[in-house]
Each structure stands twice: as structure tokens, then as C-alpha cells.
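Below you'll find the structures, each written out as C-alpha cells.
Both complexes below contain subunit A, partnered by subunit B and then by subunit C.
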Partner chain A sequence: MFQAKTKNLKNFSTSAERFEGANLLCPGCAHSIIVREVLNATNDNLILAASTGCLEVCTAVYPHTSWDASWIHIGFENGSSAVAGAEAMYKALKNKGRLKQPDRTPKFVAFGGDGATYDIGFQWISGCFERGHDMMYVCLDNEVYANTGGQRSSSTPIGASATTTPAGRISYGEKQNKKDIMAIMAAHGAPYVAQVAPNKWKDMVAKIQKGFATEGPVFINAMSACTTEWKFAPEDTIAISDLATDSLVFPLYEIIDGTKLNITYRPKNVIPVRDYLGAQGRFKHLFTKQNEYLIDEWQARVDAKWEQLQRREEACL
Partner chain B sequence: MVENGWDTFEIGTILRPFEGPASDVANILPEDRSYTKSNSFSVSVADWRIEKPLFNKEHCIDCQFCWIYCPDMSIISRDKKMIGIDYDHCKGCGICVEVCPTTPKSLLMFPEQKDEEAALSEWPKKEKKEAKEN
Partner chain C sequence: MAELFELHDIEVWDGNMAASHALRQAQVDVVAAYPITPSTPIVENYANFMANGYVDGEFVMAESEHGAMSCCIGASAAGGRVATATSSQGFALMLETLYSASGMRLPIVLNVVNRAIGAPLNVNGDHSDMYMGRDSGWIQIDCYNPQDAYDMNLVAFRVSEDHDIRLPAMVHQDGFMTSHTAQRVKTLADDVAYKFIGEFKPMNDMLDLDHPVTHGAQTEEDWHFEHKARQHHALMSAVLPKIQEAFDALKALTGRQYNIVESYNMDDADIAIVCMGTSVETAEEVSNELRAQGIKAGVVGIRIFRPFPLEQIADVLKGCKAIAALDRSSPNGTVGALFNELAGALFNTGTHAVLTNYIYGLGGRDLTKSSLHSIYRDLQANAEAGCPTTSLQQFTGLRGPKLSFF
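Coming up: the complex of A and B.
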């Protein structure tokens, strides 16, 4: 049934949405595009939680909720543990035969921003993956603490101007490289770890469904272009996402059982990283004479990463 | 609905998005659901818009790109056809216009107060084949 539902976009568009409008996310926010694609990928019941971040504060403004599924409002760090706890309880009730709808198999999904995933909630996520709960964790990676005013997170890439790493006369912005969260989560031995982007909807929905079908903890890193903090016009969200995936800044791949790596999207025409950087206001200071060398370094880094991914895919390690 | 202030808010509050039991939401279309006032569906963000998208059925090929990329669930698609825009929840970001693949586009942004019929009458016309040859 799932295959039929996502065979093409026309079939997929018959999904009944379980995420409602009039949430307070910015116009053009990629978060809700990702959430819709995740929720529409299944018709099963959902048990969701969100760590503090744009998604949480914008979809649960008391007295309103934008969620048409069971959804838990919880702290910054423990969205993953809240869902893990619900999953553990579900298992216990199932073993005791006390489920009210035993024929239903709900899906457990936790959402978190990159701040909640890369930094603040990392220990909790690591714990959930170590214990092996049957859940999915979706990281909405917009590379900055957008909810609190654009502070850098450990996902912010080199050269980006954030409010705590502003670019100016002295500094070119963020100085640390982005954490490789995919490798870290794969190193937990998770059965399924994947990187997705909302503009490649078919790839994304296929990975989400694969994740739902997998038993055990699943990690999804979803690129979420942020119109406010990346500084581009709201209508360009999908165009910027296309630039990110086609320039290989954000390669789409999956790692199965912590070892086997598959690249799921190979752009026909790889565009230079310069085009991706130039489209965003947070990198505009790189296009000056004294900072231009950073763009070449970016390109070298992206090429090296792509090369490494391809070698790993070939090696089947 | 009882409106509680911030200091009367109780820990462990449950907000119910639907009236009565709701067990199979994924198979019920929005028009058949019984939303409560706690559901953000019953609120409008129409006043966020400066420009609104208008839909011209004539050029639409029902590719559903606008539906999948709309961040605000505001493109209404039923039976694989795009049938209109939900102006209560559209924030006017303009993604639907950008991703529309037809020429001329089936969705265009117009100022919020623009009359729909006037906009449709001044819609860009399809290029004729002779014009392309020249």
C-alpha cells in the first residue's frame, strides 16, 4: 500500500494532512515541509514529541496545537527520551495484553532542531540509540539556533555569520567545522541512518518509510533551509535546497547497520559550492578579497567528503 | 473554550485537536473532521500576507509540486487535482509560484487586495508557436 501511495506525487497528494496550518513558523520555513513529508509517509497512528526549537514553540502556542496526532511538549534535551519512554510503555502494555487497539502499530517519532540534536540533546539521543528503542529521530538541521535569535550551533558551517559569531573586520564568522552527526549516529550501530532534503521528496519519503519499516532506532538528518537566518527570500526555500543538494554541500545518503553506505542521489550536473554560498546572506562576507580563500577551502572540503562517501560505498564496509 | 492565563496554566495540560474520539485521522479528510477551537486549524494567519497567490486553473497540469512544497498546508488537492488555495492558512511565502513548472505559471503572486477576476483577465497569455519561430 505504501509503495502505491508514494509511487508518484499525484498519488501522494491524496494524503490527509495531520499537521495543521496557522502555526507560527516563518513564511517559507522548510521545517513544516519536512514534517508534512514525514507524517504523510505513513497512515499508521503516530506518537510524536518535539525538543524545544522553532518547531515546538511555533506549533504549540497555548491554547492552540497544530498536531492532529498524539504529540508531547517536552524540554530542550529530552524529546528523544520522551518518545523512547512512550515506546517502552507501549511494549510493556503489549506484553501484558492491555492495549486498547492491539491491531494498531503506532510509529514513534521525535523531532529536534540541530541545536537539540548536535549539542543540547545529544546525550539523550545517544542513550536512546544505545538502548535500541524502536523509534525514529528526525533532526531538522538548519545549522543555527534559529528560535533564540540565530546563535551558532555545532552544526553551523565554517564562514557562516551567526549572532554569536558575527562576521566583520576581525572575524570571518564561524570558525569550527560542522559536526559529522551522520558518522556519529552510524557509529552507534543504528540499523538505519539517513540524510534527506525536502526538495528531493521521493528520496526523502522512501527513506522515511524504510525507517518506519526498520526495527530499532532510526536517525534522519533533514536539511532545513532557514529563510530568516540563512538570509534569503522566503519563496527561494526550494531553490536553495536544490543548490545545497546539487553542489554536494548536503549529500543524500544512507548508512545501514552502521556499515553499509548507499549514496541515493547523484546530481547530473554538480554545481560549484560558490553558487550555493552566494545565494545566502549569511555567507556574503566571503565574497571579499581577504576572505575569498575560504570559498576554495569549502570546495576542497566538499570534494573530499564526496570522494570519501564514494570510496565507502564501493568498499561496502 | 476556557482561556487560561500564563499563571493558571497547569502542568500536564492536554489540548484536544478534535471533538470526541478521533482514532483514524489519517483516513479522514480535513472537511470531514470535527476540529476544536484548540486546533490551530480554526485560527487564521491571513493577516501575515502582503501578497497572495492566485490560481489559474486554465494552465494547471496537476503536477502537485505546489502541494508537496507548501509549508502551510494551504494548497487544497482532492482526487489528485489541485482545486484551490486555503487563504486562512496561507502566509504568502510564494514557494508555490516558484515551483510551478507551467508556462505561463498557473499560480502568481498579486497584492492582497487584488480582485481575483481582474487578476485572471490580465494573466500572461500562452506564447503562440509562430512567436517562438520568429
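Coming up: the complex of A and C.
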């Protein structure tokens, strides 16, 4: 039986594996940290799906699999529906008394990157959440189509240089702000929506476990720092993640029943957004005379969002 | 436990209602669907059965046809009986996932109520959607009337779920002409129909929690070819014998005889029309009229479109002098698909039959008896001349100047 050990990092790191280390993800990829912790956050059996993307192509290349739990991949846009279909079958067979292990209740989880979540798969996720399937959807948000070489998604933040929005002589890169997926998913009335980051692992595991204990559709937006496309050294994944959460570029919070917002991490020392941007190659071109105003705008946006989250939390709406 | 639905031995059902009752009797575990004309009533009827306790599976009303088939795939991989319905644009939206379902060897039954594909937008019956599915790796069974729509659904579940096959199956009926035309349908009692289909036997089911499985793995040039070859092998070698077995069992049960290739007035036929769907019965009527005049006219109906029964078709047509392939889908740049199939079936068989192609009935345009008489007249001339006396491809029932090619 799997043991969800969350007391300290050492015993958590030695907990049983249902997601094998034998996979093709880049060294330093945050996906593997997040996925492993999601799977280890429950002792229950798991039925998993992945949308096409880094996680999928790196963990199930025939004749190998990295998954010691039932897993399905169909296409880029429909990991959510795959798990929703499996969940519907579980309910049908339970009702008809045909489950092979009727005493066990598996958890249903779909993984997708930000491309599969914010963009191409959004309609499918929205459908699953509106219908209220008992499932968890985890977005591995690395803010870019990393699997196909770094094209922009609607999660790519303004000013980032992506291969389809490259910074150049007359362009500062991505022109649009990152889509607010948390607000959109909360607006579905989902019972639990949370943003997590792997550097704050206790917060992450607590939220995943809360999600597993919740009946109905749960959305987890997990920041997944991408060594390849964000352009930082593979050993710096957690350090970059720290910069993201401590600069409040990636605030950690949860929204319950679409209304009640709780901020779950308040950095003791908030660091400037400039420090977060400066640590990554994708923002290098912002540190020039002609683009520097964008860094100030970034800081203003992050401050405003943080203010808004705090007001939302106080309002208890 | 679902309520028993008392049926009369003969019901007056349209094709959609016939399909809905077959789904109900199959005790499908998960139906995930999205409504689209003209298949919508299948889904509505099923929802009605559910609302009144006649089915006890799960019913997922998806946000699109793509989502519906995606749910069907997840449900089928989880390990149970799955079915849905669609048409036309919805079928086109589903197409990506149709390849996934067959490639993952998942026995899903899809009712396709055939309808034209826009533009221009059109809700009526032609075979554009059926043709779009022909390379997708599904079994494709064609119905000519509501009775067929009922019987072929029962056959589809039985064949598709067989462990030697494990391939999804489409059951096609013509939009409105079959789907919305009420006719007498001979029924089976619920328990008899269920017994004919058989219990669902799971294989590689995700819900077997002690035996985790990986579905939908990636293969590149190292393994992809072998996977697709195995899939094709299963379609080519296992399906037709199992369908024949199911047809034989259905005949023993009901007396109704279905065949891999349906032939009518073909024993001594000199000229033959080969067609699909509702056109088959109209052509049969015209062939009877010609027979009364001493013209040896026959009809071949395609019952199984995939796998295409090349040998059986060639055998039925071997004595013919002139053959017309009727395609109810815009060929868009070549000969009709059915013409191509027949050419492939007949080439190398030693036949000297003259083969021509007619495009008809697009967007639900009626195929009239006078059109069919005209085609048979062409065939008679071709048979007598021993070579084509017309263009290879002609449009029939089209307004404006005559359109023909090749």
C-alpha cells in the first residue's frame, strides 16, 4: 500500500512511487516533482489521464510506461474528458454491481500543460467542470508550449520571448497578459480551485489532499518552472520557483465553492519582480533601455493583483 | 436494475427510435453524446428512457461531439459497454478521436445518421460523413430502413466487443429518409436482445485496480507501423467472419436474413446498380419493373462498408456486363469512393464488365425512380456496346446543364 508521508521532506522523498523516475523529462523539470507529489498525496488507487504534451511524450513511449497506475492519453485537448468518461464508467459499474474491487474508491486525475488547459483543451475542461464529474484536473503551468519547442500559449506572460512571439529589434516578445485561469475555473462554481508551486511542497500537498477529499471537480494550477524554455540552469528549478512565489508573480491561494478565497502563503520578505525576471533568459531583452519600462509595468500589475487577492480574501464573498 | 420495457412484436418506429431501443436493450454502461440533427432523437429518446428508469447506466451530455467521443473513449478504456450517436458536422468534429478509439482497440458503437457536410450548410441525408470515416479504422455497417437500424445495432455490439476483434463500429442510416421515417419494426424482447449481444467482457480495463494499464502510448517509426498493421489485420481477417456468424445467429433467432453483400435480382443479372442506404430499396423496385420488361437488371447493396468485402462483391458481380457505382457524396476531384472500391474489387478478376460512376442525391436530393431507369438504360447500352457509351462519371438529378467527367 502506498503511504502518503507528509511530515517532513526526507520521508516524503522516500515515499512509494507510482510515477517512476524512469522517464524522459528534462533534468530539472518541475513536472516530475509535481506529478510525483500529486500521486503520493493519496493512498487510494488512481485512474489518470494526460493530454498530449511534455508529460505524456516523456512517460509512455511504447513499450515502456512510467505509470504504476492506470493511465490514458487520447489527444491534446481531451485529457479531462478521458478521465470524466472513466469516472462515468466507474459510477455505472458501481451502480450495476460490476466493479472488480467494489470496496475501493479510486481517484480520478487528469494532467495537462498550460497549452492543453488554457488554450486547446479549455472547452473540454469547462464541460467537465460544469457537469460536475468527481475528478481533479492538474494544470502543469510552464507558460509555454514546451513540448513543441517553446511557442506562446495564453498562459505565456507579457514580455516573455517565445518562438512564435520572439523578442527582436522592434518587439519585446509576448504582447498579451497571462490569462487568469484561476478566476475562470472558480467562476464555474467548482468546489475547490487552488494554485500551487513545487517549492512550497507542504502547501502543495495540503491542497492536493484537500482536493482529493472534495467531491466534484477540483482544479489545481501548478507552476512548473521550465529549465529549457524559461532558460535557467537545471539545478535552479526550486530557486526560480522561490523567486516566483516570493515576488508574488505566482501567488499561492485557493478558492472554495467559487467564492471563498484564502491566501495560503505570504512571503516574509517580498522580493522585487525584477529579480524574478532577471533570473531567466526568456526575459533577458527586458533589461534594455527601450524595454525597461515593461519591468515597472510588471511590478505594478503584480502589486495590483496581490491587492485584489487580499481584498477578495477579506470580503469573504 | 432498469425497468423492463414492454414492446409489441411489431412497433412503428423511425430509424432513430429503433437505434435508441437497441441501445437500451444493450444495457449500455455509458452513453456520452452531443445532439445534432438528424441523430438528435437517438440521444433524446435515450434521455427519456433514463428519465423513466428504463436504463441504469450513466448518460453524459457532453459539450461537443469531440468531448462526447473523448468521454466514450475514457469510459470504454475504463471497462464497459459504450455507445453514442452523431451526424455530419458533429462527425467531422469527432473525427480526430475516431482514429484514437480504433487505434486503442476500444469497442464503441457509434450511430451515424448520415447527413451532408457544409458548406453550404445542409441538414439532410447524404453519405459525406460516412465516407469521411472510411479510413478511420472503424467497422462500418450500413442500414437501409428502421428494421436494419435496430438489428444492425445489436450486431454491432456483439461483433465490436468480441475479444478477437476489439474494434469500434459505426451503424449508418440515412438522415431523415431512415431516421425520421416511421416503419414497422419487428422487435426482440429485452432479455432476448441482450442475450444475443452478450455480456460485456472487459479487457485491459483501467478500473481493474489491481492491474494498472497504460492506454494511448506513443509510438514513432519504431513501432507505429506494427500497431497499425495489427489493427488492419484484425479488421481484414476477423471482422467479416464474426459478422457472418452474427447474421446467422440473428437469422436463427428472427428469420431475418442479412448478408455481407446484399444482392437482389442478381443471379442472372446483365446489368447492376451498386449503392448504399435507402437507395438500395428504390433500386430494387426499379429492377423489378425492368425485369417485368425482360431486362436482366439487378441491385447490389453495400451492407458492410468497412472492412470492404472485395471478394464477396467481385463474386456477386462476376457475371455482369455493365455496372454502375452510385455515390451519394461529392467526389471533390476524382471518381466516387464506391466506384473506386468496385474498380479495386473487380480489377484482376478477369471481368470485362463496363464500370461507370453516378453522383446523386447530395444534400438529401431525392433519388427518383426515373433517375434509376435512366441509369439502367445507360447500363444496357454499355452492356450491348461492350464499352462505355457515356462519360465515366455523371451527375444525376442535378439541375442545369448535364455534368459529367472522364
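Keep this in mind: the second predicted complex is superposed on the first by the 309 of 317 C-alpha atoms of A that agree within 3 Å, B and C clash if a C-alpha of one lies under 4 Å from a C-alpha of the other, contacts with A are read in each partner's own complex, and residues count from 1 in each chain.
Methods note: a residue touches a chain if its C-beta (ideal position, glycine included) is under 8 Å from a C-beta of that chain, and two chains touch if they have at least 3 such contacts.
Remember, predicted model here, so these are calculated numbers, not experimental data.
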item: Fit or clash - subunit C, subunit B, common subunit A; value: clash
item: Contacts of A:A82 with subunit B and subunit C, given as first, second, both or neither; value: second
item: Touching partner for A:D180 - first (subunit B), second (subunit C), both, neither; value: neither
item: First (subunit B), second (subunit C), both or neither touched by A:E292; value: neither
item: Partner chain in contact with A:Y62 - subunit B first, subunit C second, else both or neither; value: both
item: Partner chain(s) touched by A:E307 [first = subunit B, second = subunit C, both, neither]; value: neither
item: Contacts of A:E20 with subunit B and subunit C, given as first, second, both or neither; value: first
item: Contacts of A:I72 with subunit B and subunit C, given as first, second, both or neither; value: second
item: Contacts of A:K91 with subunit B and subunit C, given as first, second, both or neither; value: second
item: Partner chain in contact with A:D257 - subunit B first, subunit C second, else both or neither; value: neither
item: When the two complexes are fitted on chain A, the stretch of subunit B hitting subunit C, from 8-16, 62-70 or 80-88; value: 8-16
item: Footprint overlap on subunit A, where subunit B in one structure and subunit C in the other make contact; value: 45, 60-63, 65, 67-69, 101
item: Touching residues (chain side subunit B, partner subunit A) in the complex; value: 1, 3-4, 9, 13, 15, 17-18, 22-23, 25-30, 33, 37-41, 43-45, 48, 62-65, 67-74, 77-80, 86, 88-95, 97-99
item: Residue ranges of subunit A touching subunit B (in the complex, touch as defined); value: 9-33, 36-37, 42-45, 59-69, 101, 198-199, 201, 227, 233-239
item: Contact set on subunit A toward subunit C in their complex; value: 45, 47, 49, 56-57, 60-63, 65, 67-75, 77-78, 81-93, 95-96, 98-101, 104, 106, 123-124, 126-127, 130-131
item: Residue ranges of subunit C in contact with subunit A within the complex; value: 29-30, 32, 56-58, 60-64, 66-67, 70-80, 82, 96-97, 100, 104, 205-210, 212-220, 223, 227
